[in-house]
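In the two assemblies presented below, chain A is common to both, partnered first by chain B and then by chain C.
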Partner chain A sequence: MAITVNRKKLNFWERLYLPAVVGGLKVTGRHLFRTLFGGKAVTMEYPEQKWTVPTGYRGAPYLVKDQDGDTKCVSCQLCEFVCPPKAIRITPPGTSGLKPDRDNAEKMPLEFEINMLRCIYCGFCQEVCPEEAIFLKQDWSHVGTNRAELIYNKEKLLSLGGAAPGIQKWKHKLEEARAQENFPVKV
Partner chain B sequence: MSTAATTETKPAAPAIEKIKVKIDGREIEVPRLTADWSGKLTPTTMIQACELAKTDVPHYCYHPKLPVVGNCRMCLVEYGMPALGPDRKPVMNADGTPKIAKMPRPAIACATPLSPGMEIYTKTPAVKQMREGVLESLLINHPLDCPICDQAGECKLQEYSVDYGQSASRFVEAKVHKPKAVDLGPRIMLDAERCILCTRCIRFTRDIAKDDALGIINRGSYNTISTYPGMPFDNNYTLNTVDVCPVGALTSKDFRFQMRAWFLKETKSVCTSCATGCSILIGSREEKIYRYTPRDNDAVNASWMCDAGRLNYKWISREDRLKDVLVRGQKSTWPAALNELSDKLKKAPAGSVAIIASARQTNEELWLISKLKAKLGAISDSIPRVGEADKLLVSADKNPNTNGARLTGICFTEMGINLQKIADGIEQGKIKVLIVFGENIAKHGVSNDRLRERETISEVVDEHGLTPALLAKLETLVVSDIHANETTRLAHYVLPGCAHAEKRGTFTSGKGRVQKFMKAVEAPGDARAEWEFLHDLVHNVTGQNGFVTIEGLFNQMAREVPAFSGLTWAALGDTGVTVQI
Partner chain C sequence: MDWNFIIFSVVKVAVVFGVLMTMVAYSVMAERKIAAWIQDRPGPNRVAPPFVKYIPVLGPMLTRLGFFQPLADGLKSFLKEDFTPGGVKKIYFWLAPAVAVVPALMTVAVIPFGSVMGGQQMVIANLNVGILYTFGIVSLGVYGIVLAGYAANSKYPFLGGIRASAQMISYEIAMGMSVIPVLLIAGDLNLSDIITWQTSHGWLILYAPVSFVIFLVSAFAETNRTPFDFAEAEQELAGGYNVEYSSMKFAMFPMGEYAAMLASAGMMVTLFFGGWTLPFWGLDQPAQSLPMGLAHILVFLAKMLVFMVVFIWVRWMFPRFRYDQLMDLGWRRFLPLALANILITAIVLWIRS
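And then the complex of A and B:
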């Protein structure tokens, strides 16, 4: 069924649009005046001047290491699954023989790529990660001369991400297991 | 074949008496007896009745194709029975219905037989509490490795935890740790911590694979699945234990850390490694195949498949796949090559063409080839492939569609007896054109002197008189194959074909089961499904038009080939139809 929406009938001045144009010009004039005489610019001389983002701002996602310098990511691929624009691409270690850089959790990604051209900074990857291995940092400006340059690989993501201390659950598990090593008594 | 694997040879089941039971207040009629894992009729259990009523009862140790042990207690349900008075007569309610006495204790649904009038309650608060309790105890020592566990996404422990789990653990002591990444055998890796000791793997290998290789060692919380020290777990069915394992304790070395299960697209297909034709699922992601897993088909493979067949998929993505149409070594296009070829075939005098098809091709393809054969008056055959059979699934015939080749008239009952005739024909210059599909004939061609020393061709599995020197005598050699090989290098026309995972079609198994398979991945480059270009070729050469869809083609074949009469593509369903062979 068609629905008729009743529109407000415009009066003569409104149909003329002139008062609205004048109103707009007033705002422009006010800013012009302020910039010229008040020294208060509302724009920024980018890129010389850069915007400082507020804390909590969600910028580009990077991989982080733990306090021992070990890769936290265990290649669970949940972030790859949850990423809405499919910006993340993980190559699991498979039978490649890649040993993780730590001896507690058995798995580490062979390759981890984030396409920064695709990423929409939604933060789902950070939210879903069971290892607290990926964080949205404050970076928001990515420049490259071609598309391939903006696909960041594992090495780059780890170096950009830095360290983020955490609870190190795999390490504790391993320590717990080592403490039990001589029990039960092996014959 | 074991009793469990097939219903094929069994006589028609006798009529089974039905009994009435109530599940969660809904009355249903179920047979009093149901075939158990070995096919023997035993009293129907509660869990089977619940399955018929489509009521979900969570379970770990119960598997419909394995003996029942009842050790996990996850399937506990409450139930009631018609009450009996002191006179042993059922007590009636005021409205004339039998009075139900609810049993004071629950029972495990997987091992408790039904009795008439029984009422099963699966949704009471007590049942929910029992499930929560069982799950909590199972998780006491569980490592919760999910982020690195290959089972994640298809793990019963995860699934039931969503339904009955607690969000936080109440267990404050240190968990018992057991060995991780234990090398159990050439294809199996065990993570003992994740095991919930359901013994499905033990029962599978003891009762189905008949190799009593696994057992539980140590006591109490230290219970661990193990082989006998020093004995590898290496029979040809070990990977089925990975499928039956409800958790990530047993993992396939081949699939270990390859891809998360939730990314895999599962395509219904058929294993091509022998004539048994096990129903499988192909797990693929982005045009790459990661694994084969067996698919339930009681007429063929129950729920199992052999390890050799399961791991035989890597050839599909091999580097040496043929990707281009080649005409005398030059890259060409499909229309150009097919037109040139059809003109040549149309002019070929009767008897000057021979066709060697492959029993790895589909029924539809072989049938199209048989049309070509009839038109050209050609002689045809295909190459037998014989190996060893076992008692469970593996057939001696390593071709998946030997019966298809027989039924479509490509070869005789004994495959390969025409090969010598073809060789002689080429030798004498009578046969000028040879069309080869999917067989690297040059590889096993041996000189006639060596062949004549043998009595019959059936002794000669792979060897025949078609030597590379002989093939060089041909005016035209047309080869369609998947990989580059000696024969494609000799060929004047190379037509790149598709693996079964890249097309649709049907196979007729060694026992006459016609099963269809679906397309899982795209073929590389210019490679095209054989039935597609065969259809064009047949159309050009014979002038007959046919169906351009696989459904139409199959149905047309079913109308024309007596053995397939009455079949339709749709009626094949997922598990296929058995035909008289």
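And then the complex of A and C:
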């Protein structure tokens, strides 16, 4: 079935095309003057202006310390196992005799490397970590002049990660355990 | 042949060529900047040679304006690989870029860009048949594009070339017809004499506005500018006639296009807007001193710049026409209108004489 579309009959002035031309020039001219003199360009000039990411943004994963400044990671290697692009490589202490920072942790990694060129910011490492030792931070721009520079080691990851506020489950466990040493237990 | 004439002509040709090429380069920059501003962007604002950052205020300002961008663009064009695809018709493929540029440059020869400087008339060739020469040369401009489209031996350039040939030949007729009333009114074909006529009678736009509108629109079509850029038509033909070109051979086509724009802007200024004259400050008489001669040239360039901005502004406002609409406009609207314009002008002049 044919549908007839009602089209507005144009009068002579409109068919001359000139009003539309002038209207178009006015719109584009307005944009030109606004951008040129009003500084209303929508472009963000990147290296000078940086994007502020929203909270909850999943950027690069970094290691965090607890508020005593101790390494939280216990070298369980769950993140290394779960990492889809295999960006994480952990060297456990083994027989090196490296003592963990915290006295109630069994061990901490000898070396912890994240290859930022491989990382896909999926957040599985943060999800899987039983110690809440690795978090996806707000960083989204990594700059290096070669590939080796973009493999971040434990020291760099810890300094970038900073201290993590929030839950410190082993501290409470430790206090509980200490409390249980005295008999009778008062909880 | 006297040596004085030859030497001064060579100097004038060299200077005009240099100024024109500089203007071509900076038209490209202006195009990019104006496009950016219209689209709410800052445009090219980074390129600068290393020493510029030590110039206090001017350096950053010029950099923000993209002042050094043409240098980088030119350098890039020269350094790119000049690739000749297999299967192209080599002679035409090499010839086409030159053929695209040369007519545009040749048109400038008859345009008076100033009055008198140091006893020399500021026009390269003061021809008695200036306008006829211009139209003769402009019609050669189509060959560059058609040859490029034909030589590339590939479908998109071929379509671009076909479109360009039909379009440019159609609009040449309307353009030529639109100028005839101007010639009738001024009574001369020499462009310098047309300017002299305008100093005593007022600008010809007042006498022949219809001619001007037809000439302006035809100039857009002749120089393959949006809304009539069918030969390029990025969305339809992936770039049209210049698809197979690279490096400096590619850069020659935009150069030819912008030179043609400058030439047609110069023609419009000369024919309708009084050339190098201004009706006040005594700028409408041939210069007696060197500064006045320079002022005339600057007036001419300023008028040309206004038209260049219009060319660029319109490009970023209009969508492209449909091909049949273009032909319709050229043959069924402009040609009858131009003929009627000639007839009416002739009758009015006959009655008044």
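The definition used in the following text is that the second predicted complex is superposed on the first by the 124 of 187 C-alpha atoms of A that agree within 3 Å, B and C clash if a C-alpha of one lies under 4 Å from a C-alpha of the other, contacts with A are read in each partner's own complex, and residues count from 1 in each chain.
To be clear about the criterion, contacts are C-beta pairs under 8 Å (C-beta built on N, C-alpha and C of every residue); 3 or more make two chains touch, one makes a residue touch a chain.
From a predicted model like this one, the values you see are computed outputs, not experimental measurements.
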| item | value |
| --- | --- |
| Partner chain in contact with A:105 - chain B first, chain C second, else both or neither | first |
| Touching partner for A:14 - first (chain B), second (chain C), both, neither | neither |
| Touched partner set for A:45, first chain B, second chain C, both or neither | second |
| First (chain B), second (chain C), both or neither touched by A:127 | neither |
| Chain A residues touched by each partner, larger count belonging to chain B or chain C | B |
| Chain A residues within the chain C interface of the complex | 21, 24-25, 27-29, 31-32, 34-36, 40-43, 45 |
| Interface residues, chain A side, partner chain B - complex | 74-78, 81, 92-95, 105-107, 130-131, 173, 176-177, 179-180, 184 |
| Touching residues on chain C, where the partner in the complex is chain A | 34, 36-42, 45, 313-314, 316-318 |
| Chain A contact footprint on chain B (complex, rising order) | 143, 146-148, 152, 174-177, 180-181, 218-219, 222, 253-254, 256-260, 262-263 |
